[in-house]
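Each of the next two complexes has chain A plus one other chain: chain B in the first, chain C in the second.
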Partner chain A sequence: MSIGGSDLDQAILQLRACRPIPESQVRELCYKARELLIEEGNVVGVDAPVTICGDIHGQFHDLMELFRVGGDVPDTNYLFMGDFVDRGFYSLESFLLLLCLKVRYPDRITLIRGNHESRQITTVYGFYDECLRKYGSANVWRYCCEVFDYLALGALVSGAATTLEPSDAPFADLNSQASMPGLDQEIEIETLNASGEVMFRFARNSEQSSSAAEPSQNPSSSPLPTPARTGAPGTGASSSSYGSMGSSTGAVLCVHGGLSPLIDTIDKIRLLDRKQEVPHEGAMCDLLWSDPDEIDGWGLSPRGAGFLFGADIVKCFNYKNDLSLIARAHQLVMEGFKEMFDSTIVTVWSAPNYCYRCGNVAAILELGEDGGNGGFVSRANGDVNRAQVLGEKVQGREGPGRRYRVFDAAPQDSRGMPAKKPVADYFL
Partner chain B sequence: MADTRIPHQPLKLLDNKTEHKFALPAKCIHDGEDVSFFLTTKAYSDIMTFLFQLNASMFPRKATQEDSVSQTVEAWKLNDPRVPLSPITLKLSQLLEKLASFIDEVPPDTGPRRFGNVSFRKWYELVKERLPALMDEYLPAEILALGGGDSEGTSAKTELEAYLYGSFGSSQRLDYGTGHELSFLAFLGCLWKLGAFPRTESGVEERGIVLGVIEPYLQLVRRLILTYTLEPAGSHGVWGLDDHSFLPYIFGSAQLSPAIRAPADIPAEGSLPNAPNPPDVAKADVVGRERKTNMYFNAIGFIYDVKRGPFWEHSPILFDISGVKAGWAKINKGMLKMYNAEVLSKFPVVQHFPFGSLFAWEKDPAALAINASVHTTSQPTRQTTVTQSRSAPLRDAMQEGMRAPWAGAPTWSTAGTAAPWATTRAQLPVPDGPNQPTRAPWVSATAVPPPASGNATAAPWARSGRKPPRKPPA
Partner chain C sequence: MAAPEIPNLKSLLAQRRGGLHARGRGPRAPISHETSEAAKDDAVKGTDQDAAGSRVSCVELGYLDDPYAKVFAAQQTVRRLPLLNRGTYVRTTGLDQLIHQFLTTAPGSPKQIISLGAGTDTRYFRLLSAYPSLNLTYHEIDFPCNTSSKIAAIQRSPAILSLLSHPPTISTDGTSLSTPTYNITALDLRTLASPTPPPLPNLNPSTPTLLLSECCLVYLPPTTASDILTTLTTHHLSPTTPCALVLYEPVRPHDAFGRTMVSNLKSRNIHLHTLATYPDLASQITRLKTAGFDAGQGGVDTGFVWREWVSEAEKERVGALEMLDEFEELGLLLGHYCVCWGWRDRGGEEKDMVFSEAWSGVKAQVGGPAGEGA
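On to the complex of A and B.
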């Protein structure tokens, strides 16, 4: 059968109900998806507004919760930064649904590759076994892996607004409202809960901030050296975030893992031959495997692939490539998102209560469209801290306005128990 | 494999303890081919022999009474006062208590973290610092001193310490898994070979080891996992048997199997009358009751403690096993096969296991020739380069279980992904634990700076020796 038009809509309906589609349909879908993805560059250009999402890992019901919180496709534009599969119970349904949406609304949804979108990793971490169990053969796994090879390696978001239009949502905690920046200020960061209530608002170039989520947060009680300024949860209140510095906003690079010592410009990513299994080393591997860390320069990664990279690396890269922010996923963050290195890089994690046990919340990052505010020039407010970190030379671009929506795991009451218990060969 | 050469003899004691040359255990498994060799070594045979020996002791026993007509069946439970504990098993449980008490000295760090708690490193530091003295206090001096006569020789204590120290997780990765559990089993196996345990009839001492030492060990591990939020080493998410443990499922299923007279008549099917039904693992109330007496249910109870969501969804492998109709003996046999395939035959797990004089990296002349199975052949070789898309490997589900062919144990990763090719980066000879973020399966040994925290995927192919450039190339 061919998958297009109404068949595709039917498949989307079925997958939304968390029911796998037949193998023949998967094959057709994957073929269509590859035709589409082959046309995309290694770095996909994406215009704001867009909602950026991190790891999903087969947590289908939580993906549905994500769409509930962030808005449905195609009403909201989405960019998923990989790791759709492995570990969770519904990698198949999650990935196929996203792929269907991609084929159905190619300009509304962008999928880039994570380190788990790989033959070798999926045979270790679950997706292979899941396909075998759900279809009785590895065919569907093979079709999906062929799609993985065509996924883009990154995305470049342009046209994001520097300032958020503050949402007129109510405050999660009314007592905290008074301490939030007023609506006359430029809002740089806003954090909303799953009900759309404001948990936190942070004004640009201002020390005035407040967190409804963590009203008692007190830097002096932290055992670690803490910056004088307290930020929003996830903005690195206890790491190095002071809010971003600089002037007009640059583009936002989205990549699953992070940077590579072999890549100093985005153009070098564009030159890679990506249509292959993720190699064990090299630039392509690093982009999918690396992690930012509190180190200088580059370090060995405990993962055995990719590298660790420090603030200096990020700031240089952003400056050289006219970026205001790098958004990446790849690491569990208990608060759903974490900004590091003066908000030059953010980790976004979208799998709540990861593996049913981690107790974390998930987040998505909304970047608004620049509505004629492009000529915005930041005010120098004499904040001595701001220009110090790297000196004037590498002062980065001003970060885009960032709205984080934080959500919990989906309720589990409505999930029926499977009737069959396929028995593993060991027990036959 | 497990079901074709089940030994009924207990693990042999060292012939000549006083002349024995001990060795500092060292890593020998560097790639997939080494795993194939491992399955033919004396170390492997000894591990399996000891495991079967302990397993057999947990089967209920029937005895004919003196009137030679009436039969009695005896089964054993957790904290069973009828299981006598020898002085050495008591000492071992006290040693474990002592290690647990260090947890009170090192409360979890309240600072920012990703997942695993960095205070676990402090706990492990205390263990490292105090372990030599604790061993002197709780283990027989005449055994520890073996081989240490002249200053050149390695003592038995050194060899024992390597396995004990490797039993509690990875302080670097802040994780714990079946590789660490295997290290503890080997520690006990070493003591057995050295004659530290008294010889008894009908598995009495073995039962004491399982219920009096291994169960307390599992309790300590669970406390460590909860206190320091240790990640499952090499977690396969829902597609592994259990995030951290394997042994309690073996011994616990034996507890519920039909009574036997001797290890030789372990049945392939059936259950002890009145045993809970396998499907009961999905019922919280039954689990709550049975976990007090049974190791299998106790392990499941811990899953209930830490996971939220439907059992069939977060633990589908255990749920499927609960559908086995042929009883707990069938489950027990399957668990042994699965342990063989998913723990001992997996590169990611066993790569960290160090070999010395007691668990020796030497071919066992009695070992059957092991035909290279798919999962051993597709493990990483020294020259692994995967650059092109390869077609899906043909795999035998039975052999493969849930992990990548090159992936060692399901044990070592945590919430993070490790590269499946990654091999040890731990400081040898201490075996590294199963708890890591996703890591590259291809990773091999390298000293690596401690990560900020765990929870990452590791690359299965990760290997040693990559030097990060100091700055990006121009």
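On to the complex of A and C.
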């Protein structure tokens, strides 16, 4: 059986209904996907506009909610930063749908590898068991793992605009409107809720809107459903502009976990041999496992793989590689996203009510297209030798305009799934 | 793959434990009050096998050393996620430490433990092998359906029978077991809240006694829970007997994780009744004082137990057992369970100060011996 053209569209339809496709089709799909992914470099070049997404973890219905909030493929250009599988009930359907979309619209969706896209981790955290349960054999799991080995390790987004085109959406809370910057100002950050209403807006070079955001940082007192106004919990809004850099912004590196002490330039990522199981240590492992932390330099990770890295490491790496921002996933953040280190790195988390247990909201990050870019440039494997030295300039590049869309878990009754898991969720 | 071949997750759900009453009944099914109460009871009874399975998972992976765990797990055990194994380890270790400190204080003197809703707990057998010369009387109380399966398992286990100091006497219906030092009593704890509470066999009213509620009283209405404590501490035990309560229960129901926990468990027909009344460590301390445990109280969440009560060497050993990726989630989970303890001393003689002596040095997040800013 071949899986091209209408077969592929048929498979997409079936998977969108959360129904697995036959094993033979999975094999064909995985083969096609590998053919495609092998052509991608370790660091995929992606042009803005793009919507950056964090962990999905088999929460299929929430992935559908993500598409509802962020727009459908191919209308929206997506970049998923890994951890498609494990933990949720529908790893198989979620990953295969994303893979089908990749094969069908290769220029409109980018998938990079997370630490759960690994044989070892999926046998512990559920994807292996799910495949076995749904197909009666491990074949499908094996096909998927072969695809995992070909997924890129990172992506480099270029051409993102420094300023957001403010959405003309209504405000979620009219009282907050007065405290937000007017549309005549350059907007750096905007947070929208799942209904597309503005929850928070932050102008570049503005001290006053930064403080306006402070009182709303009380996620603990918000009601269970997506709070109408999350405020700006994740934003580490930088009111300094690093001087005038015009409208050009540095590139945005996207990677699942973070940095590695073995990697000081993006070119070094390009040199890795990625087509293998995620190793237990080394640069490739670190990129998928590391976490930013409030420390100086490098630290040992409590996860047992990867490292912790501090603000100095990020700022130095960004400067050296002409980056304005690192976007990464990997860590649950209750507010859906979290900017750290003067907005030089952001964690994006896209699995709402993670494991049907954590009660968190999810977020996606939209980067707009720089108007001065002269339009769309086709996908490439990133520009080699981007790491140019910027003379004596010590400051980093001005960050891109960032629009976060925050969303809640899909309503329970839309799921056709058990409200409870067949294993212990809590200590009883 | 044809759709019918795909297992229906809903059918898995109905096959879960919960007994005949709960089988196949969704939370929204119209049910009478009586049966709904029965279903709730069954759900609570079922929590015991859940705990038993978690214990076996921990033992098999090397977190806990408990040769008796497998004897009582009725179902084949599903390997739990690393963060649940870690949580079970922390829970067990935290309670073990408090109990160890109690038992090793004035080691020759008689002591008593009453374990409420003990279910398949193996603690007595572990204590017996660890401290063979202990002068300890142990009482377990649970629903008859739980005690009868435990007693049947004990009768099938030569290892456990040989541990017991006396051959056990078993009631004709197989729901209660007694020896001079180990007693399993079948009763619905709620009967202890009645004006005419049933007796507990072989209970010595004047022996220093530790009451243990490991996720048990939390399932009862707050007034019932406190009435049970009053009965045990003033009716079964003489009001002058040194006595302590150790609680392990969920905490912090009001943040996002806590709200989700309450609603998820509710959909499994498990209601955490006392949680709203004692939502944090401070309110647990007040609860302990009010219940007469006025000589000292302490409270920690299980995240604190891991950080402060577990030695660095042990942390390293446990950390190496499994790769634990879900770090943020583990932090959330451990932060939503607590261990709280409080005690009363009477008389002022040294033998009456056993709990003060045992626990005054325990590192707590909230509380401390009376008069020290508790």
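One rule holds for everything that comes next: the second predicted complex is superposed on the first by the 356 of 428 C-alpha atoms of A that agree within 3 Å, B and C clash if a C-alpha of one lies under 4 Å from a C-alpha of the other, contacts with A are read in each partner's own complex, and residues count from 1 in each chain.
FYI, a contact is a pair of C-beta atoms (placed from the backbone, for glycine too) under 8 Å apart; a residue touches a chain by one contact, two chains touch by 3 or more.
Bear in mind that the values here come from a model prediction, so they are computed numbers and not experimental data.
Engineer: On the A-aligned overlay, A:R19 touches which partner chain: chain B = first, chain C = second, or both, or neither?
Structural biologist: A:R19 sits against chain C, while chain B stays out of touch.
Engineer: Is A:V124 in contact with chain B, with chain C, with both, or with neither (first, second, both, neither)?
Structural biologist: So A:V124 meets both chain B and chain C here.
Engineer: State whether A:F89 touches chain B only (first), chain C only (second), both chains, or neither.
Structural biologist: Once the two structures are laid over each other on A, A:F89 reaches both partners.
Engineer: Report for A:M334: first if it touches chain B alone, second if chain C alone, otherwise both or neither.
Structural biologist: Both partners.
Engineer: Between chain B (first) and chain C (second), which, if any, makes contact with A:D425: first, second, both or neither?
Structural biologist: After superposition on chain A, A:D425 lies in contact with both partners, chain B and chain C.
Engineer: So in the superposed three-chain picture, is A:H57 touching just chain B, just chain C, both, or none of them (first/second/both/neither)?
Structural biologist: first
Engineer: Applying the touch criterion given at the start, work out whether A:Y135 contacts chain B, chain C, both or neither, answering first, second, both or neither.
Structural biologist: second
Engineer: Using the superposition on chain A described above, determine whether A:E277 touches chain B (first), chain C (second), both, or neither.
Structural biologist: A:E277 contacts chain B only, not chain C.
Engineer: Is A:L323 touching anything from chain B or chain C once the two structures are fitted on A? First, second, both or neither.
Structural biologist: neither
Engineer: Chain B or chain C: which reaches more residues on chain A?
Structural biologist: B
Engineer: Starting from the residues of chain A touching chain B, keep only those that also touch chain C in the other complex, and list them.
Structural biologist: 87, 89, 115-116, 120-121, 124-125, 133, 222, 224, 302-305, 331-334, 353-358, 360, 417-418, 420, 422-428
Engineer: Give the list of chain B residues in touch with chain A in this complex.
Structural biologist: Interface residues on chain B, with respect to chain A: 109-115, 172-173, 229, 232, 234-239, 243, 282, 306-310, 312-314, 316-317, 319-324, 330-331, 334-335, 337-338, 341, 348, 384-393, 395, 397-398, 401-407, 415-423, 425, 436-444, 446, 448-452, 455-463, 466-474.
Engineer: Per the contact definition, I'd like the list of chain C residues that touch chain A in the complex.
Structural biologist: Touch residues, chain C against chain A: 1, 3, 5-7, 9-10, 12-13, 16, 27, 47-48, 50-51, 53-54, 78, 80-82, 84, 87-88, 91, 215, 250, 254-261, 263-265, 267-268, 270, 319-320, 322-329, 332, 337.
Engineer: Show me the residue ranges of chain A that touch chain B in the complex, using the header's touch definition.
Structural biologist: Checking each residue of chain A against chain B gives 57-58, 86-89, 115-116, 119-121, 123-126, 128-130, 132-133, 138, 141-142, 145-146, 149, 222-224, 237-239, 261-264, 276-277, 279-281, 285, 289, 291, 293-294, 297-308, 313, 316, 330-334, 353-358, 360, 409, 412, 415, 417-418, 420-428.
Engineer: In their complex, what parts of chain A are in touch with chain C?
Structural biologist: Against chain C, chain A makes touches at 19-23, 87, 89, 115-116, 120-121, 124-125, 133-136, 219-220, 222, 224, 302-305, 331-334, 353-360, 417-420, 422-428.
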